[in-house]
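Before any comments, here is the structure.
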């Protein structure tokens, strides 16, 4: 990207999907791992190894939560290491990719 | 049959019709949840008030009957599903558990019909309504364990899950709401109750219409899944409530010796099957079972059958039995 | 004018005021949907009951008038928009369609006002309310097709869409709810109806207040879009209901020969414009048209005009007409 | 104490119990918002009606008392928090602001209790309810500014924020709804009001039960946060309403000279603390303060204390005071 | 990334936005294409070639759904090929990017 | 990716989180910057430099909105430049990453 290096910092973007009931535990784990920022979206649905999960179903409402967090590489590694053993207990998946953080006055990563 | 012209049942038909002609009519999901909360509190309070004049001690036979249904009916269902339908053990267990439980919607429709014909009924069936969900979940767990044993599969670390589910069976929100509202209805003073009556009784029947309209749409949606479920299961969804109703009728009339109204309600409890507390419990306890089987059966077959055909028929037979009395 | 002090209209003003002073007052979107469902069922049931004493056969003139309005008013609107306002053809078609239809909220406000003054009215206008949405959508499609032809543009694969929209005009959730509730109101027995009356009639006027408060906030929001819409269209949003009202008044008084209450309601139907079924239909049928035009007109101009000035004025004129006898 | 058996309080206990045994009972968040809107309009209308027979001019002392409480109580709270509890200045300011304001839920519970015992009360306390939120927010801002000065910190560009908050204190949705509904209740004609009474008064007490059940669950949730808040603050959450109540009692009895019912309501206003308008305002004004402090105090400590112990006690003392004459 | 290769697998992340009414069809297409996992979020809004779509609008409520799915490259190609002809009929857009899947006990890709 | 170049175009994916109340302003800024497509999800929660924001909280409901937009690199730069000064005023963060846009009949980027 042609943008100057004082605008962007290379970071990792982590995207986690878990059962909505496990969201609290997951966010706790993130905070314990030293994360200083995340975003979550509740009321998601999905398909996975345990079959379909439908957030609007009549009798069998099952919701997922999506967590997005940007952090430095080392931090990402800490999170992934802490998360791996618990991930399938909470349902879900975890993706890691590269991204650029647009530098601003407050740094919450 | 004029009893079919009860508004509640007509609204159920309205919802089903709207769904079948693929109308875009849709109720917000939260609306459904709110009405369920309201209706459960309403039944609870009303039930609790009824106990002021009916000694609680006399409820024992009803409690026993509730446990009997909750345990016996799933076993019968399991045997039929395995023996006649050759359904695999785990799906059989999951489906069977639903039939030990009850449908509050069916119960309320029956109450609406009895009220609109000014038929009185005993105070005890509402206690059975509150009780039956729990033993049904338990027996579902037992059947699942048994199924897993005969299938020789590994008992995947269920310890924690079992205790979780047993907790769940007693802390389940709907059951709690029903029980605690009964308690509140029982203890509050008459003038206090009069102040909340317009909300919980005055507009109850109207709110029930909205609820059943919504249920009709949901049932209509499930009908499209009959193909995936197969002929045997659809038939089972009609035969099983008839079997349950037979037991309900006999128990209500000969053992509990209730009036025509009371026998009708006991029959409805035995004939109906759950779509509130049991589906999530079975999803957790028997993840291998296919949810669209039990949901289609309970919401798409047994519920509409009971609403449209069952309830009026059960009432007619109860009248007949009483006439022979 | 004391009729302005009807609570429903005051709550509309409350909502609009809250919005204009930029208060953070906000009603949950689902609340609005739920109240609309409730109100539609309520009007339907009430309308259905009214037919028990009014032979359905006599509804024919009302049905004809409804079709007349649904088809005639959009054509007039289209001609004005094209001829006087030089609005482009597709936007004209989309806006015009809205004026053939009706606003259930305006209708209910008029009913609230008549009720609060103990003025009686005929059973037939509610049928017109249920009917008028569909022909308006149809004529909107025809106008759009015509516009596209005169613009020489390609007829972008509309075949499927047209049949889809025609289906939609008849399976639309709101229309269905209104019609089927009318049917239910008509067939249920009196004691059954009494059981649901506290919900659907007792608390109706109060729920209408909440609905109009919400509508007031929505109308207030739209006012900020007057600039983008332009002076001509804002004027059109006031003149068009006056034209519609004139036709409504004449048809109601001379052709249908209704009482003062009935004439008022027919006038309101002709003067009001849709914001429920028509906007989504036009969005689909004429994606080139700018939604903020028709929404600002119907919600931000015509609706408040009718609620605050129209309804009481129509009533006053209807009284005057009747006086001349 | 039989007044504890008021349904509203029992439903509060139900909700709290469900939460403490970790039931999965959960009400949709929108349901809460809808009931709050409904209740605020209901109190407003009812209050407005009461003024028809109570000269508005006589409201002046009540208005003065409201300002006195709104300004005085936060200052007392701030001094205790800083002096006794050694709580840091900004958290002290944020917490203090909540105690100058009122809890509509507590107020309505008190009204429910008085109604169920057929105790009458003056029309003026409802005006105090509507007023007290605003001065409390103002004094919160002043305390925060003072705290920042003594901490020597930079006054981070608050200019814009202050004017924003002052606007907010007067355009806040809840306050507006209350005030404007009072206005509507005051101006509508009796027959008009009768039409909306079944909705806004008939079912009010029942809806309040659902609201308090929900509040009970919320309060139950907050109890788990007692550890993070610490013993001093939990104690403060009980002592502060007692201090407020003492002032309320004295002002109500000696200065305003209200009846037993009126004194009870004034006491409740002084003793209760806000969880509607003040928390978002403090979050914006004092971002450095920890929200879990003030929320745990207001929802988890003071609210349940007032509902379960406070309201009946305040009433008993008010009776006692009146007896002494 | 310094993480060991037994922790992460290179995968494709596909992000699709469609009209909420078309979500069922899209997910059906995904399942037909052999997808074993996806996550969806309903009630989204957006701007695109057909103008604005606002999920909370009063009279004209139009909702989008966002589907996120992680899969192997070949699978991704199958999905994109199957999806392309239908994408604009369903409204929306489709983005493909690289990501790393955190390996866990159950593989739902 | 083995897909032919007539299927995919290299683009930038921008992901912005702001306070829900600022969503209107942000989208206005995007439109001013010439953006022709975006997707937003409301009712998100998160943690950041200003502490937790919980969309379902009882007394203190604070919501974030997530905006996802795909655009060409130059456009991305315009947006980032315009956004930076206002980002922390609106709360939130902005991430930029690479992605491939699946070419369809209508281009809304």
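Should a chain be cited, it is by its letter among A, B, C, D, E and F, assigned in written order, with residues numbered from 1 in that chain.
One rule holds for everything that comes next: contacts are C-beta pairs under 8 Å (C-beta built on N, C-alpha and C of every residue); 3 or more make two chains touch, one makes a residue touch a chain.
Everything numeric in this text was worked out from a predicted model, so none of it was measured.
Among the remaining chains, those touching chain D and also chain E are C, F.
Taking A-B and C-D together, the pair of chains sharing more C-beta contacts is C-D.
Farthest from chain E in terms of Cα centroid separation is D.
Of all chains, the one whose mean C-alpha position sits at the greatest distance from that of chain A is C. Chain C and chain E have Cα centroids separated by 40 Å. Centre-to-centre separation between chain A and chain F, using Cα means, comes to 17 Å. For chain E, residues that reach two or more other chains under the stated contact definition are 41, 43, 50, 56, 97-98. Chain C has residues 30, 198, 202-203 in contact with two or more other chains. Across the assembly, chains come into contact as A-B, A-E, A-F, B-C, B-D, C-D, C-E, D-F, E-F. Chain contact summary for the complex, chain C toward chain E: residues 29, 32, 218, 221, 275-276, 279-280, 283, 287, 291, 295, 298-299. Taken together, the chain C residues at the contact with chain B in this complex read 30, 33-34, 37-38, 41, 167-168, 171-174, 176-177, 180-181, 184, 187-189, 191-193, 195-200, 202-203. By the touch criterion stated above, chain A contacts chain F in their complex at residues 1-3, 7-8, 11, 13, 27, 31, 35-43, 68, 70, 97-109. Across the interface of their complex, chain B is touched by residues 50-51, 56, 58-62 of chain A.
Those residues of chain F that touch chain A in the complex are listed here as 12, 15, 17, 41, 43-50, 55-56, 64, 66, 73, 76-77, 80, 83-84, 87-88, 93-98.
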